[in-house]
Amino acid sequence: MEQRVVRAAIINVTGYVGAELARLLAQHPAVEIACVTGRSEVGKRLPEVFPHLWSVDLPIVADVDQGVDVIFSALPHAAAAERLAPYVEQGMPVIDASADFRLYDEETYERWYGEHPTPELLAASVYGLPELHRDAITESRLVGVPGCYPTSAILALAPLAAQGWLDGRTVVDAKSGVSGAGRALKLTSHFSEVDSNFSAYGLSGHRHHPEMVQELSALQHASDGDAQLGVTFVPHLVPMTRGILATCYPSLRDGALSGSAEERIEALRELYRSWYADAPFVHVSDSPPSTKQTLGANTCIVYPTVDPLSGEVTVISAIDNLVKGAAGGAVQCFNLMFGIPEEVGLSKIGVYP
Amino acid sequence: MEQRVVRAAIINVTGYVGAELARLLAQHPAVEIACVTGRSEVGKRLPEVFPHLWSVDLPIVADVDQGVDVIFSALPHAAAAERLAPYVEQGMPVIDASADFRLYDEETYERWYGEHPTPELLAASVYGLPELHRDAITESRLVGVPGCYPTSAILALAPLAAQGWLDGRTVVDAKSGVSGAGRALKLTSHFSEVDSNFSAYGLSGHRHHPEMVQELSALQHASDGDAQLGVTFVPHLVPMTRGILATCYPSLRDGALSGSAEERIEALRELYRSWYADAPFVHVSDSPPSTKQTLGANTCIVYPTVDPLSGEVTVISAIDNLVKGAAGGAVQCFNLMFGIPEEVGLSKIGVYP
Amino acid sequence: MEQRVVRAAIINVTGYVGAELARLLAQHPAVEIACVTGRSEVGKRLPEVFPHLWSVDLPIVADVDQGVDVIFSALPHAAAAERLAPYVEQGMPVIDASADFRLYDEETYERWYGEHPTPELLAASVYGLPELHRDAITESRLVGVPGCYPTSAILALAPLAAQGWLDGRTVVDAKSGVSGAGRALKLTSHFSEVDSNFSAYGLSGHRHHPEMVQELSALQHASDGDAQLGVTFVPHLVPMTRGILATCYPSLRDGALSGSAEERIEALRELYRSWYADAPFVHVSDSPPSTKQTLGANTCIVYPTVDPLSGEVTVISAIDNLVKGAAGGAVQCFNLMFGIPEEVGLSKIGVYP
Amino acid sequence: MEQRVVRAAIINVTGYVGAELARLLAQHPAVEIACVTGRSEVGKRLPEVFPHLWSVDLPIVADVDQGVDVIFSALPHAAAAERLAPYVEQGMPVIDASADFRLYDEETYERWYGEHPTPELLAASVYGLPELHRDAITESRLVGVPGCYPTSAILALAPLAAQGWLDGRTVVDAKSGVSGAGRALKLTSHFSEVDSNFSAYGLSGHRHHPEMVQELSALQHASDGDAQLGVTFVPHLVPMTRGILATCYPSLRDGALSGSAEERIEALRELYRSWYADAPFVHVSDSPPSTKQTLGANTCIVYPTVDPLSGEVTVISAIDNLVKGAAGGAVQCFNLMFGIPEEVGLSKIGVYP
């Protein structure tokens, strides 16, 4: 039980995922933040950039120090793979929050993100969703932390896919707080444009689509090789900073559930409870969740139900996009990789109200 | 062009729809607000209850004065029909914002709202959506103003239904500002519960469902008697005061649209533009709308598109729930009923940002 | 009463003040928007930049057309004076929303804004606050529309200054919605930074300070040549888009008010009501105002009171910073300059809730 | 270092302070929540009332169990004293978040809150602000946790008062998130009324005024027996859930600070840094704080400065009203009372953005 302190580096601490990693790791009992990098702010102290980190008084440096035990990267895609490749090759444990190590198929990556800088590393990486890949993550030295939307959608639909029940069109109508768009300045994150406003975006295709298809298809095909899986994914922007709610409308195979509406609801919840029995951060709820119930916490609340009018299944999930959907998911993987109990350093209780 | 001033009464001015009627009618060049009623606040002046109406300094009274020319009611359902019946029987023009005169079928009403106080009046009422029933409203003396969600969903889907194209399950994933829940105090409208929070509700069925089915089925069946129409409607609560965005995922009949994705998008927009050519407040947009673009205005922005990945149609609509979705829709009907140009007293320009 | 239509140009329509001018002028019964300019967006249609203006389908051009009757400018300071000088010299009526024609004293301007491009025009301009300078505005051809904060603070304190009652330090603790910072991208207007957050800024001095001092001193000195006037002005950023609330803590000359607290409150309100008797957009209220009561309207609500514990006077005022604090104030001046009744084209009723 | 687990009871867990105590204590390494009470919800599980506490699955009971080591009370005033008196008399450590044990003077209490149920206990209580009363709290068995506004104002002004520098009128212009008004339903906490809105309230006197005067006077008089202290306190409601920012405008005794503006700023900050050198949760900042920097954390950020125009001192402080201003302050006192290091179980890092 005696845990030596792990020395962690955070690359590109100056965005929201980087700052959230700093918040979580600074309070993690088994971690010491050894260094933080961030090109544009080199020379400043971390609290000058992020005053809420006033008690984490580290200099922002250009390069990762010698002697760190693990690297967390919050670089954008492409830049991440390029910067991380040497560490991966040295065998350093690397946890990357970009898209570079999420997609196993190079062509799919290329279609959405352009050429991959280090395609040879794809085979070595694990999709960092512990609820699906706990063992592989535990064994891995390179983890690609899932996107925020895929985290919410996959956790909502995985138990159905694992039964081989998905068939036909699944609609994922997802709603995200604005921090998902990052700290870079753009008109669509400008306060006056977003405040008291609600809109859809990404209607010509969103980069998080292939992740959902990759993971759900893998589950589905393991169970039912012939099943078709179509995902219509429409993201929306909510006038709030944190949180994702995904409302998922799957089409289920005939006969997937039977009985009265009540019986089918109960069977559905039982399936979910059982599927997530060993997942400490997934809470299968009997009432519809709200995003703020997860604020600042690594929780995913999942609510599967049946529409009594149409008899169709609807599944809703809620997460904090910066925690379970990014930095918290990363820390959860880190715990597994380092033999630390999965829940250490992560809260299950949202800052509510 | 000489328009005599119409003397209007507002019954139950003390809720948000009542207050919004007061805002609009006070600025309507052809209207004089003759009296406002509101049981709980009788004896006060209107600005004591609603300080933003400081320039509309009327007493709140218990009963409608003699000598009014039209009655706008913002009473809740059941109370509305009961209070309005005598006026309807006298032939007084009545515009009712409750659910009492929206559903033509008494049994459907009863299933969702309980016994109807005056079922004999249902046959005389018109569903107050001018874009579908302009002529009938013009001739009518009793109008049931549509619910806010149905306004957004029906305007998003009507052109498809009118083609007989809807087939199978249509998902209406709708998101509303909190004012849709009214001014009555409840935990789900309490600031600290709703702020920075997003959730779904009404998952066991919402009262606005039958309106959508009634109106879309009527359009659909006029074109295609055999078509099936299933609507899964899930409302959500957005941390903002006003606005509804409805993201609609219709299933279309095979062969409804053909050609490349671009051709199908263009055909779809052309269908919508043509269907709404005479609707002054419906704007068919080439880019996804946001709710704040309609704030305070009677506009409905509709955006039909095709998902390039799945080839499926998605239609998004945006309104201000208190204007086009309630008080503004009522004033639009009033204009038609009184031979006033449809656009008078209503803005098309949202208060943005 | 027959009013010919005035052809108006809006220079730099692409910021929030420009867009708000477009909203107001498009609905002004005596105005036709003849042209709108905006360097960075030339060639686009106005609704491409501002979809809420979908019904104002004008091209954005580089230069003001021939044949306009009045120019509204929403350029930033310095750029405004430079661009407007030729029009002013031609005798064209010009209404400028920048700081260039607000300060009568060239040196004061220089201290806060740098060199003035056209100091020779300062003598010809009028400070565009009709409540203080109605006659001068009516006669003027060049109006400098007040800043948003000064509008709120001056209207809160003018009746006291006009009595010669201000003496010693007056604290103006003002709170503004984020739209006051404009449409330009900056971290301090980034949604995730501002949302659910509250902060002070400008603590080393804010450019709106000298306007307050100029106008209040002029009033004060007309009444009491010897009085001292010190203003501590601290602006704050509120997580909302529109609205300013100024809480003013004046120090009053000994003997300024006498009697019991109730008597002093009543005397104070009577003073304010009488001072603003002819101001159609200033409402002296008996209860503390809130900003949303003025949303989208040209109203200023003023609430003077006496703290029963300390006996000190506090005055609170509320406006919509983009309307009464910018574009609406500009239109009000325009009406006066063109002999149009002061209230035309402007609402007194906020879009509430 | 071996710490036995302290068994804590939370009385009236069903309000926001109670829920926040549950959040903090559930994650406190030295505490076990032994029981939670809440009259109106007896029989439910805690997560049924507060779904964010899904991992704290306790029954809500009517009465405190035997065998608890400490009582935290989140009852309202009067009810608190009545319910807590027997425990106090038994010598049980009690930490009360109501106003009942904050004011040492019975008459002052009576003027603001009505008759005190147990005036005999006032002498035994300590004002629970560790930054002022660390030793007394450590020795105490009855602590009255300060109000949220007083926490922010006193921490902003204490170093000045302790120098005997306050003289004349001090303005405390404070702005609070809506959660400060609690979970009880009222129109002034109704989402649509508060959202995108800003207002002042409590202009006829606010109950938190006497606390500020009590504590600042005590500091001031210890240093300068003759000094006058007048506080004008105006609270405001910010459209956000958590956070207080207090902007304080003290009048300082002549000669309190000297030198250039820069020198005076530096002297001021040095005074503050030195005064708070041993306070782990008070951060004296060189830049103006914002409330969200403290979200969910027990931090108070204090920013003292000098207005370069007027030469006057302004001090700004920021806290999370539910943490440092209520439940976190309570836990900090608890740590002191039980010999636990002051920082245990409390975060210094806000959940930002």
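To keep things simple, chains are lettered A, B, C and D as they appear, and every chain counts its residues starting from 1.
Basically, a contact is a pair of C-beta atoms (placed from the backbone, for glycine too) under 8 Å apart; a residue touches a chain by one contact, two chains touch by 3 or more.
All of these numbers come straight from a predicted model, not from anything done at the bench.
Each step here moves to a touching chain, and the least such steps from chain B to chain C number 1.
Set side by side, the interfaces A-D and A-B show unequal numbers of C-beta pairs in contact, with more at A-B. Between chain A and chain B the centroid-to-centroid distance comes to 38 Å (mean Cα coordinates, whole Å). Separating the CA-averaged centres of chain B and chain D is a span of 46 Å. In whole angstrom, the spacing between the mean C-alpha positions of chain A and chain D is 36. In chain D, the residues that reach two or more other chains under the touch definition are 16, 177, 179, 192-193, 195-196, 239-242, 289-290, 292, 295, 353. Across the complex, chain C is touched by residues 16, 19, 23, 26-27, 50-56, 179, 195-196, 241-242, 283, 285, 287, 289-290, 292-297, 299, 301, 347-353 of chain B. Of all the residues in chain B, the ones that touch chain D in their complex are 16, 177-179, 183, 185-187, 189-196, 239-241. In the complex of the two chains, the chain B residues touching chain A come out as 169, 171, 173, 175, 177, 192-193, 195-201, 203-205, 209, 230-232, 234, 236, 238-243, 245, 247, 249, 251, 288-292, 295, 305, 307-310, 312, 314, 316, 318, 353.
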